[in-house]
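The structure's right below; bear with me while I get my questions together.
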Amino acid sequence: MNLAYYPGCSGLGTSREYERSTRAACAALGVKLTDIPDWSCCGSTPAHALEHALSGALSARNLVGAARAGCDTVATPCPSCLSNLKTARHRMADDGFRAKVGRLLDQPADALAALPDVQSVLETLVTRVGLDAIRAKVRQPLAGLRVAPYYGCIMTRPADVMRFDDPENPTSMDDLLTALGAEVVPFPYKVECCGASYGVTRRDIVARLSGRLLGAARDAGAHAVVVACPLCQMNLDLRQTQVEWPGGKAVDMPVFYFTQLLGRALGVPDAELGLEQLCVDPAIAFRRAAQVVAARQAEEAAQAAKAAAQAAAKAAQAKQAAAANEGGRA
Amino acid sequence: MMSFARYIARGELARALDDMARGRVTYAPRREGDAVVFRPRAEGEEPLLARATVPPKGVIFPQSERLFAFIREKDPNDPGRTTVRLDSTVDIKPALIFGGRPCDARGFHIFDRVYLNGPHRDPYYAARREATVVVTLACTKAGSTCFCHWTGCGPADTTGSDILLTPVGSGNDGGFVAVAVTERGAAVLEQANLPEADAARADAAQAVHAATRAALGAQSPAPDLSATPTRLLERFGDNDFWRDMSDKCLSCGACTYLCPTCYCFNITDENDGGDGMRGRRLRSWDNCMSSLFTREASGHNPRMGKALRLRNRVGHKFSYYPQLHEGVVSCNGCGRCITGCPVSVDIREMVVRATEANEETPNA
Amino acid sequence: MRIGVFVCHCGSNIGGTVDVPGVAEVARAYPDVVFSSDTMYACSEPGQAAIVDAIKEHALDGVVVASCTPRMHEPTFRRTVERAGLNRYMFEMANIREHVSWIGKDREANSNKAAELVRMAVEKLRLNAPLYPKSFDVTKRVLVIGGGVAGIQAALDCADGGIEVVLVERESTIGGKMAKLDKTFPTVDCSSCILGPKMVDVSQHPNIRLYAHAEVEKISGYVGNFKVDVRRKATYVDWELCTGCGLCMEKCPSKKSPDAFNEHVGVTTSINIPFPQAIPKKAIIDPTSCRQFVKGKCGVCAKVCPTGAIRYDMEDQVVTEDVGAIITATGYDLFDYTKYAEYGGGRYPDVITSLQYERLLSASGPTGGHVKRPSDGKEPKTVVFIQCVGSRDRSVDRPYCSGFCCMYTAKQAVLTKDHIPDSRSYVFYMDIRANGKMYEEFTRRAMEEYGVQYVRGRVSMIVPQGDTYLVRGVDTLLGEQVEVPADLVVLAVGAESSHGAPQLAEKLRISYDNYGFFMESHCKLRPVETNTAGVYLAGACQGPKDIPSSVGQGSAAAAKVLGLFSRGRLESDPQISQVDVRRCVGCGKCITTCPYGAIEWMELRGEMKARVIETVCQGCGICTVTCPQGAIQLQHFTDNQILAEVNALCLS
Amino acid sequence: MPVLKGKELRVVGFLCNWCSYGGADTAGVGRFSQPTDLRIIRVPCSGRVDPMFVVKALLGGADGVLVSGCHPRDCHYSQGNFYARRRLETLKTFLPALGIDPDRFQYTWVSASEGQRWKNVVSSFVEKVHQLGHAPRIEEAAPYLPLAEKGDTPRAPLRPPLRPLSYPAAGTLAASLEQLREKIRAALPELDCVIGWQQGFDALHATPLFMRKPEDVDKLTWGPLNVHNLATYLPQFKNRKVGVVVKGCDSRSVIELLQEKLVEPDNVRVFGMACEGVVDMTRVQKTLDAGNADGAMCADTAPSSVGVEGDNLSIEGEAPARLRLADVVAEKCRTCDTPVPLLGDVVEGNASAPAGPAPDAPPSPPSLDALDSMTPEQRRGFWRAQMDRCLRCYACRNACPMCVCRDHCIAESRDPHWTTQEGNIREKLQFQVIHALHLAGRCTECGECQRACPVNIPVLALKQWMNRSVRTLFDYRAGVDVNAVPPLLAFAVEEKNIKEHGL
């Protein structure tokens, strides 16, 4: 089964680091991605709310392209593309919709063949590669790094279309990050809206919703937020100076794409992961993680020292007692 | 009656048939799938000369025919009073059967004795029989199951026929010597405007008859069956004999429905649907090999097993019928019951064994 | 045959879109029809009298009524023709109301269709034959499955009516869900105070044989004569000897056994009596946690038991009981709320179910009636109740309303205020369904007297915040999102069918719906009967029900059984299969397919033939289709009768 | 009764009393308007709906037939609709064999509360039937006899047999046969008789042999002329001990009879030998006739002897001929995968090995391919043309080893009265449908029905079609497992291969 790859338009612009890190991580894991020839926009423009057939036609065009390239599955990093491709595929099951879309396309979908399945890159990695295989390839565990995985609002919803993970409490990214050696903090806002779609029109809403997310992550002790969505990433990262932090402003919560951390753990050079393109300095997180590790090591050392001291004391005591005994006898 | 012979050149046959059949529906052998059956022939159609799988008896004695329709009529003033009106109009068209063999034609003679000349004249049969001219083709070969010469029939027997055609010559020189057997046959033959068959051809026809007769004799010398009617009656209670004879019989009706002499029927009434007030009485072929044939209303069946049923078939043809009809055997030796039987039950063997078996134990 | 046809106007119900006199006129021409007329209301007293008169006057021996559905009035008209001296099966109905006049307005098409339906009925009737029921003896004992309040009520009513009752309960005590409740709505009286005496009555009634910790394994037979195998599961305590003194519980060293009776709020001992009022008050060992079973050594209970009742080697035992009727009262189970990940999916210790809360409220519960948070034992000051968790929610495949949650939530909110006077309660609800006597008044009191905050809307998520929880939902009346910080969240979990219900239904040969609730015979008119004669339903096994309804159904089912048994002998429906032994070749295919085991082998003059056990056959006709030679025919629906209808339409 | 002209078509419904009839009532109570075409016949359960009712209606002029019962699991009789689902799905897949559009028959589930659903079901089904229009009648179809001028039934080009058929040298064959005879002689004393073959009325025809005395055993023959399936005789020996000689294919019939308990395992002894194929006598005859320039004036010529060795059949006599077995072998032998009997006392001989690896699915027989290649209209015309010459002799039935009703067959009874004595296509075809439906899941495709037909009607194709349906729907093949339950006598709560039909 061949895997088609649909980067989505943001992968060529605002989320180039997501695109780069995805390809790098997949390469490191030996996942072959076949680019859909002549791929186009998925239709996830504001128009998709107004004209389903046109939006569906754009998605269908890409799916047909993937099928013609011999692929039975399409993976995409972008949840928005995922949602749109999946919805289109779902709607294409209806003969009427399929016919309508067919009239809009030069190369309509084959009436009898099923369109390729669509999944997120996250799903691909967790289900196809598998956590065990990933764990086995980790070269540089993310030790000490406390992360809050944030899935975003559309990756699992609507549940009957997306059919991936628990719609209210997904855990696949948690599991993946755990496999990489990171420590996942309990984060209740995994699928809450970050407000990104109001990014231009109602910044007050964005400020409130994003602030709540970042604050909860910080309260939970996270060093970083990990996302799987270009829009979320931009929103949480770029606007960190603007949001209403619950406990006072700060610009110290790096927001990673999960693929960046994955790549890092697999030993992909940072340059290929686009870490430099993040707004909030990722080093903050790594530094804190290092501190945790150092503190832990220090504590362990202290404990070891204490134990050694105790043991020494005990030995000394025994020696003393033995000496006393000997002395008594003497 | 005046006896004369005409000659039909091979290439003239279709035309001659068209002329003979003027005003009549012609039934001639036609291939249907892997069988040859009698079917209405279109004008000008070159007839098939092969012997049919099924004899032409259905033309005169249909597989199933409506004897009459019954119509219930209600008294408009009192729906409780119903009268029944019968409609027994039968649409019978003049017909001509071409291409049957002497054994097929003689079948009608067996029927005639029962349905025309017996105590009850069957109007349906009579009407069709009288409307139908039988043009028969004499045999030129002895088939492996042919035994017409045992039964009083033969490869050129004219019993039951109106016209007998004998193939003479071969290839492009070939043709048929046609001899009218009956007045009606003569009249029909005249319609065809054919040349007289010269003496050479008449002799050739005689030679064909003799040769086929000889071939048959060589294949199976005709046994003496004069004692068979009594012997079969003596064997009536010999259950072991009939068990052995019928072991392999499947008790289907192929032998009787293929037989040119089997004339038994069943009567059933059926509703016509529609308003529920109409129905029809059907007469359809029945066969003594079926357990239903003699099943009584009480459920009792005097011929319970297939052995008793097979005994009846052989007995009827070679004993009971001859005893009622001046010794005429109601079997023409066409052999279809043997070739058509799924398990090759051989009536010849049964007749011979029944006749011989008694000779072995004359006073048993 | 002399057939009479009566075409009903049903006022204007049929007459409005069907030419009724015209149909009657056409029918007069049908075969064997000697009388045909229209009638205003065939089912009315004068309508029926006219049929009786016509039968007598015209010497009819068969009647067709064209009116409403036979599912409605076939029994009525069968009695009518019987009154006139005809056999009840010499009657057919043509449904020209539900299937004709009510579904189309084209008068010509309707009239033509009605006439055809009459014609089909006439054609079938022409082949009908009088049928006569057979009578047989009845075993006047009843099996009650389930010892919740519905089963208890049914058992007591039957026992008081003088018949022997076998009561089978899956748990080690009867009492069911009601025994776990603290108080009951709308009177807020003590649950165990009103249930307890009934439980004691069960244990003391001479007509009741109680098998607790037992399950029905197999059921065979038919109405009046069932044979039931009951598996008495091993308790490891000889209940003949156990006095229920509780010494074993005191001494049992294994104190962390799951406490099912207390809904897993807290733990119990491996050997235990579930609660002080248990009936039978006998101890039972949980072999999954008992040290004797897990580690192979302990034996403390055996040592301390004053009567020596402990039997570690006890095995299951199967007993067979003969009964004439069965009442199923298997109740319900709670919806598994962990499917709601947005409410924590079981991750948050202080988000609990309503029944767990009930145990916290109960004086005999694990906290002695003091409401304490499971996480830290603190008394909650703010309690949020969320309704419809697993009810009216298609996303979890529970589209139905569980019926009683609105009321118990109100009750629990009231009790919360009683227990913790300075607490605040919030109830998130979709609609308040308080349609019982005094119910609406009760919820009003909760709001008005007890100050419970009712918020109309769903909760979208619960987020832990420090040691409290942020409950976020929508107030649809205000049209705003609301967030309530809560110390304790109580989920009003809905009811679902009892686990194992479908399997039991298959043993009982009764139907169940998509959710495992048993199907009643008629949703309105036969609510406690099933489609299997002699099997009745009581309580929530048929669908979620509150206590009054369950008790009512228990009594209703008991009344049905007493009514059934009041007849000395029962009559079997003669619409059953019959074998024509002359046609039967003894291949046994009918025996293979019969779902009731109603066909058996019989030897006839050395040959094996099929024979129908008349009392067991239910008349489905599966065998008739199975039989290649048509030797087994379902009476009243024979091949020829159905063919007559087909031919009336299709023969041409 | 005439259908309302121009407005309605004839649509017949069979509804179970408890759910769907109630659902139709509910729709009425709700005043959900529906097309007026449907005429409802009330039955207690969808399990009471004999597929033959549907066939009867469709052959009798119905334009559509709808069956509706309780939803699976909700049957009032707990299992009726499960059986119905199997029977009706089987029928639905079979109808196209007759040239009947399967869309004219639909079955579905509607509960008593689903008034709205009932309305939708009726509306969409009636609309579908109106789209299809009046149902064409088989008796009015233009006769279609492909290759009739060549006197051939429509057989697809001959497929080479799965295994190279090759009889051993005469001596080897005789030795094997003698071994077989020895086994039979040994067992004969305790048996009523042993059924085998002997030479028939001429050297080209074998005929069943009933061996009762040791000397009878000498007559036993083995070879490609042993066409008969002798298992057919077994059920009549009920309660008596009997032996039977079988080919591989015949042994499947014995298994099927054992499975259905129509013969008792203790009462039947099976003898057999590896088979290298038997001839199709019709094809032999035709091949021989083809050399007869005289247009087969008289078809049957008596050969004096017939020999077989390897793939060659040599006919001696007046008209000697050499035939290749591969050219004249019976259709079933071309796809045979059971040359060695599956049970009994077997002389292995040396059955030739399959030519290649066993195919995943049995290759479809040529007659079925031919039927498949026809349009529905051609199929109607085909059956019209073929059934026309049916004599109603019921040789097909009586030769069938699985037709155990025999004297009680519903083809001839008045109660139940499924068929009339009318000599028309409909009545004749109706019996063939009865035969095929009654054989569903039981037929081993031994081909006796077609072989027995005195007028060579290719009725086997209907059974081949049915067997394919049964294989596809239930993954079942008859006559290989004595302990299997035939699929139509069983059900699964979730049917793997039966999809809900959307209505």
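We call the chains A, B, C and D, going by the order they appear; numbering starts again at 1 in every chain.
Just so it is clear, contacts are C-beta pairs under 8 Å (C-beta built on N, C-alpha and C of every residue); 3 or more make two chains touch, one makes a residue touch a chain.
Quick caveat: nothing in here was measured; it's all calculated off a predicted structure.
**Student:** Of the pairs A-C and B-D, which shows more C-beta pairs in contact?
**Tutor:** The greater number of contacts lies at B-D.
**Student:** Closest chain to the overall C-alpha centroid, by per-chain C-alpha centroid: which is it?
**Tutor:** Here the chain at the core of the arrangement is D.
**Student:** Where the CA atoms of chain A average out and where those of chain D average out, how many Å apart are those spots?
**Tutor:** 61
**Student:** How many Å are there between the centre of chain A and the centre of chain C, using C-alpha atoms for each centre?
**Tutor:** The computed centroid separation for chain A versus chain C comes out at 49 Å.
**Student:** Please compute the C-alpha centroid of chain A, do the same for chain B, then give the distance between them in whole Å.
**Tutor:** 91
**Student:** Centroid from C-alpha atoms only, then distance chain B to chain D, rounded to Å. What do you get?
**Tutor:** Using C-alpha averages as centres, the distance is 32 Å.
**Student:** Counting only residues that touch at least two other chains, what does the list for chain C look like?
**Tutor:** Touching at least two other chains: 119, 582, 647-648, 650-652.
**Student:** So which bits of chain D are touching at least two other chains?
**Tutor:** 1, 60, 406
**Student:** Which residues does chain B have that touch at least 2 chains other than itself?
**Tutor:** Within chain B, residues 273-275 contact more than one other chain.
**Student:** Once you've mapped the touching chain pairs, tell me: line, ring, star, complete or other?
**Tutor:** Graph shape, chains as nodes and touching pairs as edges: none of the named types, so other.
**Student:** Give the list of chain B residues in touch with chain D in this complex.
**Tutor:** Touching chain D: residues 31-35, 37, 48-51, 53-54, 62-65, 139-146, 167, 170, 219, 244, 247-248, 250-254, 256-258, 266, 268, 270, 273-275, 282, 284-285, 287, 290-292, 335-336, 338-346, 348-349 of chain B.
**Student:** Which chain D residues qualify as touching chain C in the complex?
**Tutor:** 1, 4, 7-8, 10, 12, 17-18, 21-22, 24-25, 27-29, 31-36, 39-45, 47-51, 53, 56-57, 60-62, 70, 73-80, 83, 87, 113, 119, 238-239, 260-262, 404-406, 408-410, 413, 415-418, 438, 485, 488-490
**Student:** Would you pull the chain C residues touching chain B in the complex into a rising list?
**Tutor:** Against chain B, the touching part of chain C is residues 2, 28-31, 33-36, 58, 119, 122-123, 582, 647-648, 650-652.
**Student:** Could you pull out which chain D residues touch chain B in their complex?
**Tutor:** Result: residues 1, 60, 145, 148-149, 151-153, 193, 200-202, 204-210, 228, 232-233, 282, 286, 294-303, 385-386, 388-389, 391-395, 397-399, 406-407, 412, 414, 420-424, 448, 451-452, 454-458 of chain D touch chain B.
**Student:** Within the complex, which stretch of chain C touches chain A?
**Tutor:** Its residues touching chain A are 340-342, 345, 395, 461, 463-464.
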